[in-house]
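The same subunit A turns up in both complexes below, where it pairs with subunit B and then with subunit C.
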Partner chain A sequence: MSVLITLLLTALLATFAGFVMPSSEVRRVSGIGFALALVFLGVNWGEDQVLFNGLYVFDAFARGITLVVLLAALMAVLVGTRYLAATQAERFEYYALLGYAVLGAHVIGATTNLVVMLIGIEILSIPLYVLAGFRRDLESYEASVKYFLLGAAASGILFYGIVLHYGATGAFTVGAAGEGLLYFAAMALILTGLGFKVALVPFQWWTPDVYQGSPTPVTLFMASGVKAAAFAALARVLVGSGLEGPWGALFALMVALTVLFGNLAALVQNEAKRVLAYSSIAHAGYAALALLGPDAGPALGYYLFAYAISTGLAFGVLSVVDEGKGVPYGALRGLLQRAPLLGVGWVFAMLSLAGIPPFVGFWAKYLVILEAARGGAYGLVVFALLTSVVAAFYYLRLLALAAFSAPASMEVPAARSGARFALVVAAGLVVLLGLWAGLGFGLFANAAALAP
Partner chain B sequence: MSLFDLVAGLLLILTAVAVVTLRNAVHAALALAGNFLVLAAVYMALDARFLGWIQVIVYAGAIMVLFLFVIMLLLAARADTGVDPVPSLRPFAGVVGVLLLVGLGYAVTTFEPVQSLVETAPLLAGGTAQVVGEALYGPWLYAVELIAVLLLAATVAAVVMVQPEVRRPRVKPQVAERERELEEVTR
Partner chain C sequence: MIHLFVFLPALAGLVALFAPGMARRLGIVASGLTFLIGLGLFAQYPGEGYAFVTQTPLLEPVGVYYALGLDGTSLALALAIALVTFAGLIVLRDVPGRMVALALLMETGLLGIVSSLDLILFYVFYEATLIPSMLMLGLFGGQNRVRALVKFALFTLTGSLLMLAAILAARYLGGAESFLLEDLLAHRLDGAAAVWAFAAFALAFLVKTPLFPVHTWLPDFHAENHPSGLADVMGTLYKVGLYGFFRWAMPLFPAGFAEFQGLLLALAAVTALYGAWVAFAQTDWKRLLAYGALSHMGVGALGLFSGTEEGAIGAIFLLAASSVYTGALFLFAGMMHRRFGTLELTPTRGLAQHAPALAAFTLILVLAMVGLPGLAGFPGEFMSLLGAWQASPWLTLVGFSAVIASAAYALTAYQRVFHETPERPAGDLSRREWAFAVLATLGIVLLGVYPKVFSAVIEPSAQVFAQLVGGGL
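Right, the complex of A and B next:
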């Protein structure tokens, strides 16, 4: 409850503070608000809360998702400044819209009611449509329009699915018992709508264009925070309804296609943001592996957490390097020599995303694969392992560019102190949680019960 | 099936087809407004009276008017006729649509209601504002509050989207030249 109220007040303050103070002060307001929510989250860590007639369920899984979203939002605030100034897009509304998006993500994570989930998805999505078009150029507008049109269509499908779910089960709660063709149709439509939000194949087409066109700090938040929130909804629905019969097979097929398509398409890109977009599709597939296991909560939560700090670190570095025109491979050449901090961050992020020990990404991948194996999906496990070897190729190529190529010029992108702090913390977490895996996993260990 | 069901159903389908097929955007928008009106009547016939009136007031009265404003402001009444980037998709979309219709129709006709309508219908009490209000400010209070936040967020988002670019004070070249000279003099 205190987290919810803090996030609401943060968004409201950021909305109205901009009328009387410069945008740098609004940045401070929203940063402090998110940090305060993080503190309240820590204080209330062990307590489950069910409020508002069961519409607000603050359990272990909700806390984990909120933690991931808050970390992503803090990264987006801290590294966003320089990018926004460089692209003449620095307006205080950035922080206000980010505040609403974080609130929406928290609402999605902390409910088992489909209607509230839907409202949360809209509170999250509508500010993001605008944030995607925050830079005033055609590429950014294109990202915004594409995201909005496809997102609205996906929301419509989700609406219809929820209505049919009510028809088939008589309840809006996830996991309500239902059977028959109408229930199947409802679940298919819900899976389509949520599959779009997490970018599972074949609903992933918007991801590369939107990730590439959006301002880089916004992409950071989309890849880490939004993905976590969308997965929270998907996990609650799928774990609640169970994955028996045709469901399991259909979902396993989607997961297989997702890891295959994401990794193969990432091989042939030549722009860093676009590669990471395809890589995020593949990572959605890996995270979804956990849902095939008998006890999805901890593994999925930990994967989202690990992926959020790794990809947050990668996009954080790109936010500093990017001048608003994307990051072609040449811009990363010799980053380690030109700017050691950025270079080290980039190398760590790539190693972690590739799943190489002893970085946090390795343990995350290990846990989801273990979970899928416990669920008996051995063929899929082998397939996912093979595709993750393919993935190592493009991650190591990006790493090699930064670490071993000779730089074209010695121009050093200057990170501001806030961004430097965020990058150091993220890089530290990637290593620390990799070396001491139990520390991070302890946060999610009791997130077992997802459905009411 | 009464005469009302038949007429309303036909009107709904006809107006919906018109919305999708008419090339003139104003005509399509008016057909959509007609669709909303018929839908409102259907809601009322299904004992959801308050919702029916809201449908008229908000959808037909506010949203469609906004649509018409936009269409007229952008002079977009005539769509890009003759420009169909992927004409090969059209039959495919038709087939998928028909499949969806058949599947959902089959699902709806074969399913057994989980709650008996004879028992639950009296609980609706005609769907007046009183019952709806008791539900909204009782069990659904959290959702209502969230929707308030959603509307505020959407307002902020819409304002940001259309906000004109902030104009920075531009320094004229002559002024810049003069400032440079002054700097040299002081040095």
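Right, the complex of A and C next:
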């Protein structure tokens, strides 16, 4: 409860503070608000709360997702300053909108009611449509419009699915028993809508353009925080309704196509943000592997957590390097010599995303694959592992560019102290959690607790 | 003590990473201490079974443990690793500090590989060692380093990711409670699952042995590494494929191994002959050594895949001993590069007249590589072929002809570099190089004259291995 109130107040305060103080002060307001929410989250750790007649369920899974979202938001606030100043995009609304998006993500994570979930998705999505267009150029506008049109269509489909779900089962809670054609249609529509939000193939088309066009710190938040929230919704629905029979096969097919498409398409890109966009599609596929297992909660949650740190680190480095025009490969050349901190962060992020031990990404990938194997999806496991060799290829290429290529110029991107702090913490976590695998694995609930 | 043995190099490596100026001195002290601890463990080793076992939960909900322990085989290999790293760091003067740091990190990874008693932990060390290896190649390598690096990494990763799938199968299809070695051995797979799982493990370990069709990363990897040869030494130690077969793949899936034994023996024999054959055509020291070592691994694999006790002892002995003399030869190549600025075999003719000591020590190493009795190469090759004969006499003949061929390439190269008319003067051994040469030669002669010092500790674990695998065809 205190987390919810803190986030609401943070967003409101940032909205009105902008009238009386400069945007850099608003940044501080929202940063402190997120940090405070993190503190309340830590203080209330281990206490389940069910409020508003079961509309707000603050269980272990919700706490884990909220943790991921808050870390992503703090990261976006801390590393974004230079980028926003360079692109003249730092206006106080930025922080207010980010505050609402975090609130929405929290609401999605902490409910088992489909209508509240939809409301959370809208609270999250609408600010993001605006944030995607926050840099005043054509690419950013295009990202915004594309994201809005497809996102609105996805929400519409989801909405329709929820209505049919109510018609078929008489309830808005996930996992309500139902059968027949109407229930089938409802679940198909709900899965389609949520599939859009988490970018599973064949609903992934918006991702590359939106990730590339949006301001880089916003992309950071989309890739880590928004993805976690969208997966929370998908996990609640799927675990609640079960994946028996044709649904399981269909979902497995989607996962296979997702890892295949994401990795193959990432292979042929020549711009770093776009590569990471396609790689995030592939990672959505890996995360979804966990949902095929008997106890999806811990593995999925840990994967989202690990991915958020690793991809947050990668986009954090890009936020510092990027001047608003994207990051072509040449800009990464020799980063390790030019700016050792950024270079080391980048190398760690690439190794972790590629799933090489002893980095946190390895344990995350190991856990989801284990989960899918326990669910009996051996073929899919082998397929996912083979595609991750393809992934290793482009991550290694990005790593080699930053670490082994001679730089064209010795110009050093200057990270501000806040950004430096965030990058050091993220890089430290990537290694620490990798070495001490047991740490953090207990953050998330078991699947039995996911459904109401 | 075993924690210190495994992690001391990494600690020193991390310090050295931030203070590259003192990296070399730190590296010598740390790797020397590690070697001494290794000797201490060797002295305390009771003679059979696993000793110094330690076990702590790492990721308890899914049965992953931090479990270390050493048996005779791992101890022999660990000692070879510690010795070779130490010797390499003594002799090298002109390597960058960060490279020393990476070599130390890699030493920890290698020691971890041979002392892991949990399959996931083994996998973690196995993969993690890739990182310093890649960084050494990428940061300090030659012209085409990125291509060599990508080739090396992708070959390794393809194999090991499939292995990860098989690791999960090994536990969940077998019904074991954890990934601990003893637990997995108590619940071994059978039937088709064992065949598939063994195939996945075999692919990963064949790449890392390496054997014939999947060896192509090896020559590029060695040719593109830093000319001093430190990275090559560490890369040689990283060829842990045979150990992987010995400790994990064959004991865990004997049914799968039985399916593939014929194929594996044939691949091993082909590798032995092919490596020696191609080595003959090389004009570059490092490529020559790379193919020569490939040929050796073929002979060792022939012994191991026989599934017999003698073959296993021979293979492990050869693996440990060859990492000593192959590593030393890479470092000697580095010495020649320092004197002539090139690794080509021709422009450095007649070296023996200017540098007699260098010539003598190199000859000892080359003869060890050829498998001259009395030096470290012979006992391993002999035992391997002895084991292989019991499984397949014809393929043993092929492997044996590789031993003859090895004399051809090694002695030809030696003659080109050291004999014939001198072209340019070059200095003889420095004091540091003397120390290294004496250390390496002592090791090689000791292992050659009194192989029992190693084979006695390997023997009990080879017996266990042969029982588990079931004695071959």
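Throughout what follows, the second predicted complex is superposed on the first by the 448 of 452 C-alpha atoms of A that agree within 3 Å, B and C clash if a C-alpha of one lies under 4 Å from a C-alpha of the other, contacts with A are read in each partner's own complex, and residues count from 1 in each chain.
Note that in this section a contact is a pair of C-beta atoms (placed from the backbone, for glycine too) under 8 Å apart; a residue touches a chain by one contact, two chains touch by 3 or more.
Everything numeric here is computed off the predicted structure, so don't read it as measured data.
When both complexes are superposed on subunit A, subunit B and subunit C end up sitting side by side without clashing. By the touch criterion defined above, A:52 lies against subunit B but remains apart from subunit C after alignment on the C-alpha atoms of chain A.
Once the two structures are overlaid, the count of subunit A residues touched is higher for B than for its counterpart among subunit B and subunit C. After overlaying the two complexes on the shared chain, residue contacts for A:252 are found with neither subunit B nor subunit C.
Legend: residue contacts after superposition of the two complexes on their common chain; A:78 is shown touching neither subunit B nor subunit C. Contact with subunit B, but none with subunit C, is seen for A:11 once the two complexes are overlaid on the shared chain. In the overlay built on the shared chain, the residue A:220 is in contact with neither subunit B nor subunit C. Touch criterion met: A:366 reaches subunit C, while subunit B stays clear of it. Touch criterion met: A:393 reaches subunit C, while subunit B stays clear of it. Taking all C-alpha atoms of subunit B against all those of subunit C in the superposed arrangement, the shortest distance found is 37 Å.
Against subunit A, the residues of subunit C that register as touching in their complex are 57-62, 64, 120, 123-124, 127-128, 130-131, 134-135, 138-139, 145-146, 149-150, 153-154, 157-158, 161-162, 164-165, 168-169, 172.
Residues 8, 11, 15, 51-53, 55-56, 91, 93, 96-97, 100, 103-104, 107, 115-116, 119-120, 122-123, 126-127, 129-130, 133-134, 136, 144, 164, 167-170, 178, 180-182, 184-185 of subunit A are the ones that touch subunit B when the two sit in their complex. Taken in their complex, subunit A has these residues touching subunit C: 298, 351, 356-358, 362-363, 366-367, 369-370, 373-374, 378, 381-382, 385-386, 388-389, 392-393, 396-397, 400, 403-405, 437-438, 441-442. Within the complex formed with subunit A, the subunit B residues making contact are 103-104, 106-108, 110-112, 114-115, 138-143, 146-147, 149-150, 152-154, 156-161, 163, 165-166.
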